[in-house]
Amino acid sequence: MKPAATAHPHNPWLAHTVRIVNIASAAPGVFMCDLVFEDPAAAGEYSYLPGQFNMLYLPGLGEIAISISGDPDARACVAHTIREAGNVTRALSQLPVGASIGLRGPFGSHWPVEQCRGRDIVLVAGGIGLAPLRPVVCHLLTHRDEFGDLTLIIGAREPAGLLYPSEYEAWRAHGIDVQVTVDRADCSWSGKIGMVTNVLDRIPLRDAGQPVLMTCGPEVMMWYTVQLALGRGMRPESLFVSLERNMNCAIGLCGHCQFGPEFLCKDGPIFRYDRVASILKVDDL
Amino acid sequence: MQSPLFLARVQLDHLIRTLAEDGYQVVGPTVDQEAIVYDEISSAADLPVGWTDIQEPGKYRLQRRDDEAYFGYVVGPHSWKKYLFPPVTLVASADRTAAGWQLSTPETEPPRYAFLGVRACELAAIRIQDRVFLEGPFIDPTYQRRRAAAFVVAVNCTQAAATCFCTSMNTGPRCTAEFDLALTEIADGFLLEVGSNAGQGIAARLGTQRATAEQLEQGCAARQQAVDQIRKQMDTTGIRDLLMNNLRDPQWEEVAKRCLSCTNCTLVCPTCFCSSVAEVPDMTGDHVDRERRWDSCFNIDFSYMNGSPARNSIQSRYRQWMTHKLATWQDQFGSSGCVGCGRCITWCPVGIDLTEEVAAMRKSVETMANSSTVVSPGQEERES
Amino acid sequence: MTDTVRKRPRLAVFKFASCDGCQLSLLDCEDELLAVADAVQIAYFPEASSRMEPGPYDVTLVEGSITTPHDAHRIQEVRRISRTIVTIGACATAGGIQSLKNWANHEDYLRCVYARPEFISTLATSTPIADHIKVDFELRGCPVNRHQLLEVLGALVNGRRPRLPSHSVCLDCKRKGTVCVEVAQGIPCLGPVTHSGCGAICPSYDRGCYGCFGPAAQCNCESLTNQYLDSGTNIETLLPLLRNFNAAAPEFREASNRLEETAQERGNKR
């Protein structure tokens, strides 16, 4: 018996106690939740890469996988943006500041930010899909000079569903071309109406073979985004998608999150498109 | 490996006692619930002396042998995974305190099991679960502790069931490695092979003799009998691509007409490792245990996500099981997930035969390829 | 906690055509009953208390099926005064054992059983509550499992979705180490098509599953019954197995009707 040399040294089932330091509504049915570690040693050891996720644990109710939506360089707290979907998220949304919960993480693959230095980057986010891309945005802002043209396309069903709208101006000021579009809106909305692909279709690409595209949102949105990008001449190996399945253990041992040959918890959730292209459109896989 | 020893029939009890003296809880085959199951044993008398099993798809029956063999059966409804990866395990606990939740993981001493009667296909299955639980980026502590503490007495098969196909999967019937001791049952006793230092330590205390040429000959013949009796075969040629390139084949629909999605095949399978963690609060809710329980990809709840199951049909669940076992397991863990033990065939209530399903898939794919009206999956994708 | 701090949901328990066994499951909760009594205000529960407060109720448990015109009317009234309705047990969720009359002439039954059948006003069928009103949650079983009942009540009180597995009984047998009675002994067992909930009791006593918790999600009764017929089980054995506490559950009903057709075809051939 030979445990893999790279194996994680701690008991992977052990959660850390964390405390809610900030909890606030972000959009209808979506809330933000910032957590700090009770144990300073655990806080010191903890670091994550953009796109990774944590398992948040409410004893008695269960655990859920939530992507980290904060700035990876800001170490004071760990930020999450959470959609109320089931028992755990609903109960979490009702907890007060100061409540303690459990956290295991970070887990999973990350967006290829390091490999993108010097390149143009296009980010395409749909709805809650902006949450796991926000750490990328934060990183790009901090290291703006190291990247080429940066475009962020944000889509939502309606204006109220847009995440972090108060930050868009700052992002623009730091040199990110933020383009926002909604599926439907009333007359108070002066922005774009339509799908993210409509916007993606029109953005200028200096050299289609060069930029990296990262997308997160509903699977069907990502599918059309990727097809359009390919159509515009972007290379399959430069496209990255974030997939979702139910995660139970987050450590590749329970089998729940399998998607073809992939365990979404440890091989994903972020994949280079060409790795998953052949299984993306298979029904009920 | 040194030359085999001979352990007299009456000395088998001595082996069990010696293991017990060394602090092992000996588990082995025993007759219970009209089957040969694995359970704690205290003497050779607990073994299924003079019993055998008759197996076919969807059917298992105990039958009297005309001799008093200890290991004259094949494999039953249980597998050793119930000891290494128990059906229910405590993985973590939470206690409410004034300072918030106190979270912990159990640090209990693992039971030290001596497995008596592990067949070659089962050794291969344990090896496969080692890769899952010990050799990935995360190690499962429960499995690790139990596995490290276990002593393995393998037994070479001297007969095969109609559902056995280990020779197709290259996992048996001969036990070649990964054991501490291995037995081959012959007329008056057992040939005993030593596979480890721990095994040597036990063997030295058993009063064995060097096996005679005649005894070795008997052992060879007995093991050859098992090889000769294996009738079932699975053609594994290109099986990964056969399954993964034909995820939309109509054959999946055919098997779904018979499949009950009842989970039996996955739970008798010695390599299947799917589980779910359940919250088990006490009356006050101040203490919560997190229990990992065996689960199955055939359970409709298993893929539940965003309000509905991702695999919302029997067809899609059967496809998940078969493609995982025989195809994507190779991508994930570098080997097939199937060891050819035949349990999924015997214990399927409607007798679905994995080997026949592979053959049916080959046939269906060929038929589709020969039919000019059919669009290949690749084409579909480009057109959509 | 007192009512002034937290408003406790008002609970009602109504009985329709049934044996009271499911209501007894609630009373049988012993240790947990005090916690239940603390979490809810028991406003109407004739089986447990003579104090009967009028509606409306926050949570209403309904036991039993609809077998009389009077009950068909009464259930509408129960719906009117209840915010959330949970039906409990095989009678309320599938029609119960009394739905066997759906396959018979109930007038004949009346004449057999009652000396003065003209005094009896009854419907020709026994039907589940959900055939008559909108039901918010169905809890299966004959009788219901008290742990599941507590889970449902706890979930409703705390505004969450109840966590109840919908897999087959087989998964429970395997976790317990129970050897399959069908494969090893040839005993016809409904376990592979039956909803989990009982803890797989019968197979651990060498009996086949009777299907007390009704059909499992997406169960394949046709395949299972075909297998039993092919392996020599006769229709006379299989039919009562399916026409039992959950006889009128759609999946079991179709399966038993199909068996009857098969029997008729075979009879005709002879």
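Order of writing sets the labels: A, B and C. Residues in every chain begin at 1.
Going forward, a residue touches a chain if its C-beta (ideal position, glycine included) is under 8 Å from a C-beta of that chain, and two chains touch if they have at least 3 such contacts.
What you are looking at is a predicted structure, and each value in this text was computed from that prediction instead of being measured.
For the pairs A-B and A-C, the larger set of C-beta contacts lies at A-B.
The most distant chain from chain C, with centres taken as the mean of CA atoms, is A.
Between the Cα centres of chain B and chain C there is a gap of 37 Å. For the pair chain A and chain B, the distance between mean C-alpha positions equals 38 Å.
Put simply, the C-alpha centre of chain A and that of chain C have 44 angstrom between them.
Across the assembly, chain A contributes residues 61 that each touch 2 or more other chains. Shared interface positions of chain B, defined as residues touching 2 or more other chains, are 295, 313.
For chain B in complex with chain A, the touching residues are 91-92, 94, 96, 99-105, 130, 132-141, 144, 147-148, 244, 247-248, 273-277, 279, 281, 285, 288, 290, 292, 295, 297, 302-307, 310-313, 315-316, 319-320, 323-324, 327-328, 331-332, 381, 384.
Of all residues in chain C, only 31-32, 35, 165-168, 170-171, 174-180, 182-186, 189, 191-193, 206, 216-220, 222-224, 226-227, 231 touch chain B in the complex they form. Residues of chain A touching chain B in their complex: 1-4, 6-8, 11-17, 19, 38, 57, 59-63, 85, 99-102, 244-246, 248-249, 251-256, 258, 260-261, 263, 266, 278-279, 281-285.
Residues 32-35, 37, 58-62, 76-78, 82, 87-88, 257-264, 267-268, 283, 293-296, 298-301, 313-314, 346-351 of chain B are the ones that touch chain C when the two sit in their complex.
Residues 61, 86-87, 90-91 of chain A are the ones that touch chain C when the two sit in their complex.
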